[in-house]
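Below are two complexes that have subunit A in common, paired first with subunit B and then with subunit C.
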Partner chain A sequence: MTRLALQPAPPRLTYLQMVLRDTLRGVGPRVGLAWLVVLTFLAVFAPFLANSYPYAVRTTDGSLSFPLFRYLRPVDVALPVMTLLALLAWRLFGRVPARWRLLVWVLASSAVCAACFLTIKPPLRQTYDRYREQVKQGEVIWAITTPIPYSPSDRLSELRFLAPSASPWRLMGTEGNGADVFSRMVHASRIAMAIGLIATSIALVIGVIVGGLMGYFSGIVDLIGMRLVEIFAAVPTFFLLLILVAVMPPEWNPYKLYVMMVIIGITGWVGYARFVRAEFLRLREQDFVTSARACGLPLSSILFRHMLPNGMAPVLVEASFGVAGAILAESTLSFLGLGLVDQPSWGQMLSESISGTGSFKWWMAFFPGMAIFLTVFAYNLVGESLRDAIDPHTRKVAAL
Partner chain B sequence: MANYIIRRLILLVPTLLGMTFVVFMIMALSPGGIGGSLLNDLGELDSQQSRAIRQYYENRYGINQPVIVQYVKWLNLVSPVGFRSQRDETGKPHYTSFGFKWPDLGESMAKHRPVSTMIAEALPITLLLNLITTPIVYILAILMGIYAARYRGKMLDVGLSTSMLALWSLPTIMIAVLLIGFLANRDNLHWFPPGGFNSVEAHTMAFLPHRTEAGFERGWLLDRGWHLVLPVLCMLYGSFAWLMKLMRSSLLENLSADFVRTARAKGLSDNRVLWGHAFRNSLLPLITVLAGVLPGLLAGSVVIEKIFSLPGMGNLAIEAINARDREVVLATTLISGLLSLLCILVADLLYTLADPRVSYE
Partner chain C sequence: MENRFGFKDLVTLVLLVVVIAMVYLSMVQFDRQWDDIKALNNNITTLTNNQSQMRSQIDKLSEKLDKGVAIVQPNGTHTATTDGNPTPTASIPNNGLHGLYEARTEPDFAEGDTVVDAFGTQIKSVTALTYKDLYGRRIQSFVIESLAVQDDDTLEFLPLIAESWKIDDHSKDYDAYLAKKKPELEAKVDADATLLDPIRKGMLDELTKTGQKPPEPGSDDDKALTADAREKWIDQQVRDDPERPSALVVTFKLRKDVRFSDGVPLTAHDVQFSWELMNNPLLNAPETRNFYDNVESYKALDDYTVEFRFREPNFLAFDMAAGFGILPKHFYEKFSIEDINSKPGLLMGSGRYRMPDPESWAPGKLMKLVRNENYWGPKPGPAALIWLEIEEDVSRMASFKNGQIDYFAATSEQFDELKKDEKITSRYTPFNYLPVPTGYSFVAWNVTREGKPTIFADKRVRQAMTYLIDRQRIAKEVMLGYASPTSGPFDDKSRQADPDIKPREYDPKKALELLKQVGWKPGADGVLRNAKGEPFAFTLTYPSGSDTYERIMLMLKDSFNRAGILMTQDPQQWSIFIERVDGRAFDACALAWGGGSIEGDIRQMFHSSQIANGANNFTSYINPELDKLIDEARRTIDEDKRMKLWQACHRILYEDQPYTFLLRRQSTTFIDKRFHNVKRVTTGLNDRSEWYVPAGQQLRGE
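Showing the complex of A and B:
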């Protein structure tokens, strides 16, 4: 995109491309996007960056072992492969239409996911101590460790609440159960990003369908739909979220991450439905919709192929604020103790900093809090700049 | 105008019905169902005792009846027109005559207290938090917004816009934890209390601060204010940042409008143009979002109340949801829903004050 920004605008840019170019013009959104790229990298490669198992160990008895790779979970393999496929599809096959690239990527990554979950069976018991024992015994000749040599669930009870200044190896200190804060932060970025993106996608899909139908048909559909929207808008979203999370059956706890995505998604669709409805009410009177209808196109084609791309821009703005909101919602729920149980989460780490013995552990408040803040800020910066880019009026005012 | 208000008030009813029904069904269909954890705890008692307790709940609160029947009975209880009921000596309600009656919120299953008294204790706390916060937020946001718009494009304005976005992005939980950790902790500065609404000895204090032989005594009022500083600060900054950005952009929009250019061309002073022509128009979007800010503050105070352990509506609601306490959950939903819908109505009415062109006749 930067290449595009430096050149004078080529004549055949699509509307979306122009919006993207204008969005990334300022410093703020670029810094925001850079942080999101860093965070995505951390999220995708978390187990390769923070792990108690070294990449490779050569011991005195002459054997060479690769403990990190033996203990990888299916998702740890599937995510990097899918990311590489996405990069390949984006950079290498620039000539192929975007639809086809997307389709190929979706098919390939489903195949990768299926293959990973079927073939990879990591050992159930984690034995973090073995490598440390070997080092202590002097059996290790050399070993390649990860940059952060601790797993998020590697709890060393003798190292409770270690301040960052206490040990050069614990850059951000340790938690109450001896787990490394930095390592947990890196792994928590995976959960935050996943919840933010997937919950927003769910909300977006529901909102676009409901809002699109309301705007296209208007009349009685609109009337009923708006009452539904009003009901959901009048219950404070966070209150509804609390109710839904609190009444979740405990058997679902292993799948709580996915349940929370769905819950945050289904409580957040109202805003999108309103935006799409307003856009569709405006678009349905325009000539291209009439001609599409006159051609006898099916409803799904009129709604999603012809009207949606024209009404999508303001919804994208809402979506980027929505991702920030979903990340905030997850961290707040985890902070209140209603979130994920065993997995690392920024909000849950934050809550541990003042709980317990009453003394304040600043490193457990500052680092996770800053991570939440920077991520939310980044999404808001991008959203703000996107809004300015699609609104001709603010563009004029900003130029003044 | 009166017609319009009455029509809007009547339209509140179906929305409130829908809201309470959604919340009730979520609670009823969840595992454990209504009164779930109250009955689950019976597992530790022997079977005869647990049967007796279950009998008591079924008799007094009718939790063995079909879900829809329970909801309709609750509706009958809260509506001003309906069947009057009376409890017999075993506590089972019997329906007597049909007609006008006082709406009742029922009795909490977990606490065995009337819900109305529980709400009467909790609601003032949440309302107090919001009534302190909202005016401060609006006054500060309007003043700062005007300031930023007047000096638009200057260093100060650009810096202010970005820092307002940053302020808006700061998570409340982080700010709350840092404030408690640094300003209300024995290890650091112990300036403020870490939680609660009053000191333990507050009821023995005089109302106003005064001087005694023992020295300065802060009194009940100052004690409460001292407890409220941190929670109000946490609720303040987010909506302030958002509203300030809104005020700035709305004022900028008006300042570039034709009528302002005309006013300038007439030779009016900058101040007259700003306060006499552009200011009132710029308030419109702020009034519209008042409807969104107040429910947001109510919900936002759930987190604040939990962190600072204030016994407000949010805490009441969380406790009630965890116990699946039917009457309390429905009452908190009803009251917070009613408050937010009334806020929307008030915002619509305020609109006519700011913009004489709008009328609801």
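Showing the complex of A and C:
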């Protein structure tokens, strides 16, 4: 006879935790997420990973200097600090409600940003070859350099189009102006991540507001809203982007990245609006909404506090595909030569792989091409798995 | 009954598609036949014309024979212009055709085959006079001939359509007239200021039209405007005075055997017509009209004599009259001015090649010239010339590698790479040479912006900028050695350039010293700052889209940065770039000048009269001494004296550095080895009509 053993109750999981667990069940999404984490790391710490300035230099005249830190720009400091704060808020203060943690993080990061942009004034002039000169003169006793000892705009024009095999220090070779490809790849991940996330956020905000209003009010609002959605859905985003970038007033050139984000954002909200509308149409008749309305809660509270969290899941899935799309759009524009001036970008590097002579520089095609492919693929993997995790139908199938 | 898409429907659909396709194809075929028929028709008309002319000539001959003719020893074909001392080599006359004669004396000379070239852009128009770009001009040069041509080796003018000419220099009379008339006019205008009113009004209208504010009455600007108006009025009076002597009179005697490609003889009336057409104010060719402004009159004295009169002495006067393309009156007369303005393919002349159809070419159609079988001189070797239009650098090279192009103008990088390729060099000869005239690239430093002097106003700053640009390195690394640094606007080997001036070497130390004298000293962070602590920063505007430009600009940026100067790149689309330059809204800009005549005229870029109204002195650079030298050089007909003046100009420009003159780019081309008689000459390569392919090696038909 067997004794009944006491079994510990399985820990009760929140919906979010359940979804996360289901999402990360497969190998694909895990790999995808890992790649995204690596990419985020590269993007956040780019200047600390690839920089011509060493962390610290001890010279023969006895002085110790920290060139890398002197040349950091405000954003180079703000990003890592914000990321560390986010990690801190996530891991350390588990007891505090998520809402509070988020609020504190937003406040703290704004303060950090403001402080950075107000206090940090890097030198106007870049002197990449100073350290190299010192080494050549034999003035350096020791120095701690970054893993990739080249800045993305440190051009040595006598070393153009070096293949990766040509130098042990140039792991991915050099591009047409003699800048290091690996360094540019790392710094370009910033632009890719930024454009993906910010453009999608813009689209998400517009989509949720328009879709929420349509779904909640239905009737005439829905009718007009859906026509608006149809109109925007009929606009070919990429051609619009091409035209807008081409006719953009030249004074905006320094802000091209932001213009691109906004354009991708304001043309991409249609899908989100449709999803949110469908969810809200379903939710508006449910009891908790009726009771919230009966309690006399204000509209914003009903929409965003009560209904949105219940209707957000499918939108997030769509958003992860949206990020991939935005990254692809930026790469394509840069590939066509309509991207940013003198800033590293995967698409722009890719376009250099076939030079004017028609000769093929494989390293200029392989590395940026792989980066674009992997990133887009990773977002799609994670998005798909997220969709399976929150969709009750597929979950049942999986359970069977 | 269910209405499904069955097999029968599929068959019907496929049949329908096939029928539509066949109708379309037959339409295309019809179109082609139509073109062929038109070309045939053309040929037949030409032949009939020829025949009738031949008949009349034979009639004349037989008449003469009836009268009795003395037979002379035949030596030399056309010795009209040699000085009457027939030498054994006189069989090749010293005129514009000597290259063709020489080619034809080669033992393996053969007619036939085609030269295929490729342009990097679409040709927009080839109509005479109204074409707008370099490409149109290239095509024209094979179809239209002028009275005389500059020999591509000796750079002397050789007779072509004209068999001889006479130059009467009246510049002394002209100067005497001016010396007498000018004080009279000055006195007259100073006595009665109202004479200036119409001119002043016109100038004020021009200002308001371009969006500028008219000056306050009584202000300095207003006084300057009045002074300008006074000058203009005097010029106008001189110009309109019927008693003013012409400064130069050139009389050309035309050959009697020149014919247009349709067989009609070319006479002095055609010459007069060509000039009248160009001077028609309705014709869309204002720049050309402007250029030939100095030509006062052109008159056919009889069927084979033309007389040109020039208003003022000018060193280019003879070139203008002699180099102007002669158009067939009977052909262009058929069209209204609007037609000539709007039709892209109206091109006919007396040249070695002709359009297969002189009326109907349009952009997008194959650009092909065929040999003019009626050519009045010796016929060239290649039966046709073709220009493909391939915009992409890479695809152009791919077509070249596939053997579709015989004459390939490569970029420096392509040239460098292909030159090492044995498969290419076994079939094509690489040529790299500095053509004459060469263009040059430069960085222009704007000295005045919005009425205030800029940081580049001091010539020491401009010199320092030149010292900071490592032109040798740009030539070596970006242009791969197919360019050379230049010290001024004149070709370094030409007599216009002072041979003692060498381009400034890269010398940052000297640059910093110069900048220090002006007050720019390195601050704690290495950036140059003036007494007020402002950093030395400027924006460099340049046309976007070119990799080469982009790379040069990056090199400049890095090099200035090293010296402590902050440069911002500002690539702009061509149209916006031109707008900026015309509006003087830039700190510095990079650009290149190309083309022009063999003896360059620098008034356009550096004379202070070319600042106003968006003319080409866009840096607002003023040097009164240079102005005077330029004016004098242009007026001087004596070549030796003129060259001295140009050299003085060169010295001033070298000292002042209104531009940093960058590089002169070499031509880098590959030419198929089957073409023989491809020769290097002073201007570059000899004309492709002088090439030929020996009979056994011919590759392409017509």
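The definition used in the following text is that the second predicted complex is superposed on the first by the 382 of 400 C-alpha atoms of A that agree within 3 Å, B and C clash if a C-alpha of one lies under 4 Å from a C-alpha of the other, contacts with A are read in each partner's own complex, and residues count from 1 in each chain.
We take it that a residue touches a chain if its C-beta (ideal position, glycine included) is under 8 Å from a C-beta of that chain, and two chains touch if they have at least 3 such contacts.
All figures in this text were calculated on a predicted structure; none of them were measured in a lab.
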| item | value |
| --- | --- |
| Which superposed partner A:Gln137 touches (first subunit B, second subunit C, both, neither) | neither |
| Partner chain in contact with A:Val376 - subunit B first, subunit C second, else both or neither | first |
| First, second, both or neither for A:Gln286, with subunit B first and subunit C second | neither |
| More subunit A residues in contact - subunit B or subunit C | B |
| Partner chain(s) touched by A:Thr237 [first = subunit B, second = subunit C, both, neither] | first |
| First, second, both or neither for A:Ala324, with subunit B first and subunit C second | first |
| Touching partner for A:Asn253 - first (subunit B), second (subunit C), both, neither | second |
| Partner chain in contact with A:Leu124 - subunit B first, subunit C second, else both or neither | second |
| First, second, both or neither for A:Ser353, with subunit B first and subunit C second | first |
| On subunit A, positions contacted by subunit B and by subunit C | 250, 354, 358-359 |
| Interfacial residue positions of subunit A with respect to subunit B in the complex | 28, 227-228, 230-231, 234-240, 242-244, 246-251, 324, 328, 331-332, 335-336, 347, 350-351, 353-354, 358-360, 362, 365-366, 368-370, 372-373, 376-377, 380-381, 384, 393-394, 396-397, 400 |
| Of all residues in subunit A, those that touch subunit C in their complex | 123-127, 129, 155, 157-158, 160, 176-177, 250, 253, 337, 341-342, 354-359 |
| In the complex with subunit A, residue positions of subunit C that touch it | 393-394, 397-398, 401, 411, 413-414, 416-418, 473, 477-478, 525-527, 535, 537, 545, 547, 551, 554-555, 558, 561-562, 564, 566, 569-572, 576 |
| Footprint of subunit A on subunit B - complex, ascending | 14-15, 18-19, 22-23, 26-27, 30-31, 152-153, 162, 165-166, 168-174, 177-178, 180-182, 185-188, 249, 252-253, 256, 295-296, 298-300, 302-303, 306, 317-318, 321-322, 324, 329, 333, 336-337, 340-341, 344 |
